[in-house]
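Across the two complexes that follow, chain A remains constant while its partner is chain B and subsequently chain C.
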Partner chain A sequence: MIRVLPGPQSPLDPAGIQALRIEHVWWLFFGITAVVYVVVVAIMLVAAIRRRNAPEPLRPEEDPERERRLIRIVAAALGVTVVLLLVMLVGDFTARRSLRSLEPGDPLEIQVTGHQWWWEFQYQDPIPSNNVTTATELHLPAGRPVEFVLRSADVIHSFWVPNLAGKKDLFPGRLTRLFVRADRVGAYTGQCAEFCGNQHASMRFQVIVDPPQRFQQWLAAQRAPAAAPVTAEQRRGQEVFLGTTCVMCHTVQGTPARSHVGPDLTHVASRQWIASGFLPNTRAHLAEWVADPQRIRPGVRMPLHPLPPQDLRALLEYLESLR
Partner chain B sequence: MSSHSPEHRGLRRLGAVVLVLALAVLIVIGVTSYARETRDFHPQAFAAAPAAGPRGGALHAGPSPESTQVESAGRPGEYKETAQALYEGQQLFQSMNCAGCHSDGGGGMGADLMDARWFYGHEPRQIFDTIVQGRQNGMPSFGGRIPAYQVWELVAYVRSLSGLVSPDVSSGRNDHMEVMPPPMSLRMKSRLMVKPLPPVDSAAVKGTTVPGVAIHPDSTGAKGAP
Partner chain C sequence: MSSARQPMAGRERDRGREIAEIAALERTWDRPRGFWGWVISTDHKEIGLRFIGTAFLFFAFSGVLAALMRAQLARPENTLLGPDRYNQFFTMHGTGMMFFFAVPVMEGMALYLVPLMIGTRNVTFPRLLNFSYWTFAFAGILLFAGLFFNMGPDVGWFSYVPLAGPAFAPGHRVDLWAQMITLVEASSLGGAVEIVTTVFKQRAPGMSLDRIPLFVWSQVVTSVMILFAMPSVQLATSLLGFDRTAHVTTQFFNPAEGGDPLLWQHLFWFFGHPEVYIIFLPANGFISAMLPAFTRRSVFGYPALVLSNIATGFLGFGVWAHHMFATPLPELGQGLFTAASLMITIPTAINIFCWLATIGTGRVRLRLPMLFILSFFAVFVIGGLTGVMLGSVAINSQVHDTFFVVAHLHYVLIGGAVFPLLGALCFWFPKWTGRMPGERLGIVSFILLFVGFNATFFPMHLLGLMGMTRRVYTYIPETGWGPLNALATVGAGILALGFVLFFVNLAWSRRNGLAAGENPWGSDTLEWATLSPPPRYNFGNPPTVKSRDPLWLDPDDTPVVTGLSTEAREVLVTTAHDAMPHHRLHLAGESPWPFVTAFLCAGTQMGMVFRPHAYVIGLPLIGVALALWFWPSHGPAPLVVPRAAQRESGAPGVTT
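The block that comes next holds the complex of A and B.
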């Protein structure tokens, strides 16, 4: 099938079974409404042009033959409309039904928490110490069904990866579920789809669909505690991290930093994006973000960090060692 | 029929014009006099000037070397009793785990914040110092770890718990255990009790280990009264 709108954030470029079903419904609706539109406009144009040239016809009540013909035409148009609407309704219902059930297979449970204004992902494991928490970057195994358990830490958000599934809202104090099976390896973009405050528009995340083996490697690497600082600069950076505001909000597994207000930074250097998908994870961007997040994303919960330059350098050195 | 005479119609038209003009003036006054709270996205960052070197990792109970720096740096920023400040303060109170000791205001390991008793003073600057410097008997010092503007937001929220802040700026919703403002009678009482209380000098209570000593006699007396 030809892709009219390919891309990493397009519902018309499905990378999974759920998105494929949604795409089918989309094309069904688009096809029917496009044909109806063309037919209606054509009839209107024909009527408008013919009326000008033709002589004034008799009124229907004066011409029983013409009245019968008009009734038949209107009834036929009504019948066609009802049938078309019914086809769309059945298509919608069947697609929706299929989205509500989990694909067969060993499902992976991922807890998604929406925060103002970033995404947290926790990979659930029967052994709690094997749970993996990350942010902004969601890794999925290709071909394996995934059950997302969605919750919100503050206000209503909406989880939307157009290439994988439809939107699903996240409510504070309530769980919602979404089933996804990603089939095509690649990188896709997700986005909050429910207005949630100042930085709603920049509340993005990246979805990376890996072959199952590569996914397992990634998960194993994420399970490990944070790398211990090696160089003197990195050690100093860790002291800065634990001695200033960073420690009040962030977690680095294996250190006393265990707060859950901001994203887990245990393996922050392994991610491609920071600041909820707003900046690529380079040293320059990290420095910019740590020093003054309010300039980059005004209103964001992270406060300013006017650190002396040598402390900032050490901190960056430490953060970049967290692979 | 007299009401349809031209003079009456003219009067009516004049009345309508006056009414419309008056409404317009009222709307203009209403719109222009409405003061919107402005948000400062670049508040003063720190309670203390950044320290020369990194500080240790543990939180301290009571005044610490950092908090003396804080004291010398004063209290930058501005205390505001706005809906924004109270809401942010509420968020910080939960996320920074103040609730871990103070519960949702009712107290536990830490002091009760909903009653009228203030061991170390109820003035905004006194609460600011309590948070930034820490106090004896377990309150850690958060100096250098929380930006000053966030400390002020926490101060506003803590004060609202015992009804010291006008209820019309307090948060309309709560995601955690319901913290009700004290009943009106209690709120009135707490105002009456708190008002005459002289600002407690933290130096005066430094030597005391029994918290009850700092309580104003009026408040304990009021408690026992029927």
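The block that comes next holds the complex of A and C.
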């Protein structure tokens, strides 16, 4: 099938069953409304040009026969309108019923927490110690239903991965749920869709749909505690991490860093994006971000804390070892 | 024996009396000279034009903010505006356009035109008119001034809590927004009361409900909608103000203390969606009022158009939750709102079909206002149809809060309201100034506006379908949103040039346009039966009507209203249904107190931004000002005319 506007953040390029069902409704509505538009504008143009500047009588003529004909025409057009609206209404209701029927009994549960301005994902496991917490990068198994349990840590956010499903708000004081089944392996983009303050624009995340086996490997790797520093530089970097402000907000599993204010960094080097999906995860970007987050995302909650160059280098070395 | 339609037909003696009467009317209806007289004016035409002019000033400010936003988004990772400034700008763009341009400009058009169209001398409550204008002006000036004192609100024109609550929006930015919105809606309510009372009690004798011009019907429905919608947002902004004010700190919207952010959204959108129709219905009225002049026939389907306006007024209050489909709402409820959102298409479709039938069977004159009407069809219908899409929960869940919605709402509001409004400005310009708008420069500006508008907003549909969310101050190049954004920014430049040329043309025409006369377009309603510009008392002898198109169909010897005092500001009150003469009403004259009350209200609301004590000081003062405003004067009491006595000479009534 030919895709209009394909892309990693497009509702018209579905990679999951929910987005596909919605796309069908979209094309139904688009087809009907496009025809209606063309007809209306064509009638308008013909009407406006046909008798333009025709000679005018002193008083507008009364032609009851013509008016009766017009009533019939307008009534017919109205009838067609009502029928088309009913078709669209039934189309929408049918799609929503089918979306509802897709909700499975035993999905993979992922808890999503929206923060100003980053995304936290926690993969639930029957054994609580096997839960996996990550940020900014969401891995999903292809073909398996997933239930997102959405909550907000502060203001209203909205969870939206266009290629997979419609959006759902994260609402303070309430839990919301969203069911998704990703079918096509690939990388997609999600973004916060509800205005949530200063850095709303940069509140993005990466969605990677893996074949089930690769997903299980990824999950197992994420479950492991952080890699211990190996080189002297990495050890020094860990000391910097644990000895400065970093430790006050971030977690690195297997170290004393256990704070949950900012993203979990246990496997930060395995992610493709940093700064909430705003920068590709390269050494240069990481350096820029750690050195001065406010320059890249003004207003972001991560404060500026100047480090001597050798400390910064060691810290980067350590962060990059957290695969 | 006197008739406004044939002033030269009277005998010499009548003519002498007429001149004396006109002189007396001039004296009676004139307002005090000088600046103070200007401040306290109660003339519906003067205040109406002032509403329109002030609203267009706020339109220009909000438009400049939009242009700066487009400049920022022209390329990825642009650094022209940071997020803090961008967020203030988009908030003030939306707030300015919705609260300080669209509603007031439509009310201004109504306040100017409705009394003329129904053949009366002024609105029922002239002092309330003055109060409405000044509350509007003060609220707008104070709120826009906030931008220059680092107090520009930055949480969106919808101010969702908890982002707008005390925990996440410290400082006074949102306080200023909340207090000024409460204030400006008081102005809207005042204007709405004027329109409803004036139309129901002061119509020309003979103008029964089924002869009211379609424009007036639109404005009546709009005003009734205002009466129900605006209190909802005033309640919301007041509660938000209480939540945010130190020492008051209620918890209406704080989920941690049992409040509910969803309550805010219900209150806001219960106002917010009817607001769209409050803006669209007057524009709908412009089209119905202009079409007869440019198709040389009365609008087809009068009863259908009136009923569909009323239906829109009702259904408009039943669709608000389609702004909230992504929130935790019950599914069944969502289905009902989908159905209502699709149903409201029906009255709009009736409008469009009737207008097309009018154009198709008329003899079309492609003058400047008609071009704006035709562009309405080309542009608004796109917005209406994307609106149908947004009514679907499934589609809405994808495109909600994306640039697709930005495109949709601008197609609706610019195509559905601003283009008809610009046409209406050209159409009634001769009535206001006595001169015709320049046609050639007008057409150039029209073409720029049409091309610029579509170049700006059509690409936004595609951007939304590429996943571009709203209210983002920047985006990364990897998104691929750059080229279409660049196109939209170029379009915005063309659009801005079009607006500048449009107003340059009007400014030029004001001095140099061709003399217009009473009825340059050969139109059919009563505002064209008096001088251009109309005298302060509107009509020498107020007219009566015998049909829906009085200037086309009523015979030349149609009676006029006589017996109203020329020495006091009197209007004829007629019955609500059949517009039978009922009694003379002595209207209030100028008074400084409405202005003082508006000033005190603005001061109190502004004080509340900083200190809760402002109410304690402000409310008693407002009470004193209101008492002085309503202090009884010793004018003649309203006189009820018994039906039999109307025929006696001297009593007000209808004379041929």
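FYI, the second predicted complex is superposed on the first by the 299 of 323 C-alpha atoms of A that agree within 3 Å, B and C clash if a C-alpha of one lies under 4 Å from a C-alpha of the other, contacts with A are read in each partner's own complex, and residues count from 1 in each chain.
Definition applied: a contact is a pair of C-beta atoms (placed from the backbone, for glycine too) under 8 Å apart; a residue touches a chain by one contact, two chains touch by 3 or more.
Being a predicted model, the structure only gives us computed values, none of them experimental.
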Between chain B (first) and chain C (second), which does A:T81 come into contact with in this model arrangement: first, second, both, or neither?
second
In the three-chain superposition, say which chain, chain B or chain C, touches more residues of chain A.
C
Just checking: does A:C196 make contact with chain B only, chain C only, both, or neither of them? Give me first, second, both or neither.
second
Check whether A:G299 is in contact with chain B, with chain C, with both or with neither, and answer first, second, both or neither.
both
Does the superposition put A:D154 against chain B (first), chain C (second), both, or neither?
both
Please work out whether A:E239 is in contact with chain B alone, chain C alone, both, or neither, and reply first, second, both or neither.
first
Classify the contacts of A:Q111 with the two partner chains as first (chain B alone), second (chain C alone), both, or neither.
neither
Examine A:G173 and indicate which partner it touches, taking first as chain B and second as chain C; both and neither are also allowed.
both
Footprint intersection on chain A (chain B / chain C) at 154, 172-173, 298-299
Considering the complex alone, what residue numbers of chain A touch chain C?
4-5, 7, 9-12, 19, 21-22, 25-26, 29-30, 33, 36-37, 40-41, 43-44, 46-57, 59-61, 66-67, 70-71, 73-74, 77-78, 81-82, 85, 88-89, 91-93, 95-96, 99-100, 116, 154-156, 158, 160, 162, 165-169, 171-174, 176, 189, 191-202, 278, 298-299
Within the complex, chain A is touched by chain C residues 82-84, 87, 155-156, 160, 162-163, 168, 255-256, 260-262, 296-298, 300-301, 304, 326-328, 331, 335, 338-339, 342-343, 345-346, 349-350, 352-354, 356-357, 359-366, 370, 374, 377-378, 381-382, 385-386, 388-389, 391-402, 462, 465-467, 469-476, 479-480, 549, 552-553
Show which residues of chain B lie in contact with chain A when the two form their complex.
39, 41-43, 45-46, 50, 52, 54-58, 91, 95-97, 142, 144-147, 149-150, 175
Which chain A residues qualify as touching chain B in the complex?
154, 172-173, 236, 239-240, 242-245, 247-249, 256, 259-261, 294-295, 298-299, 303-308, 311
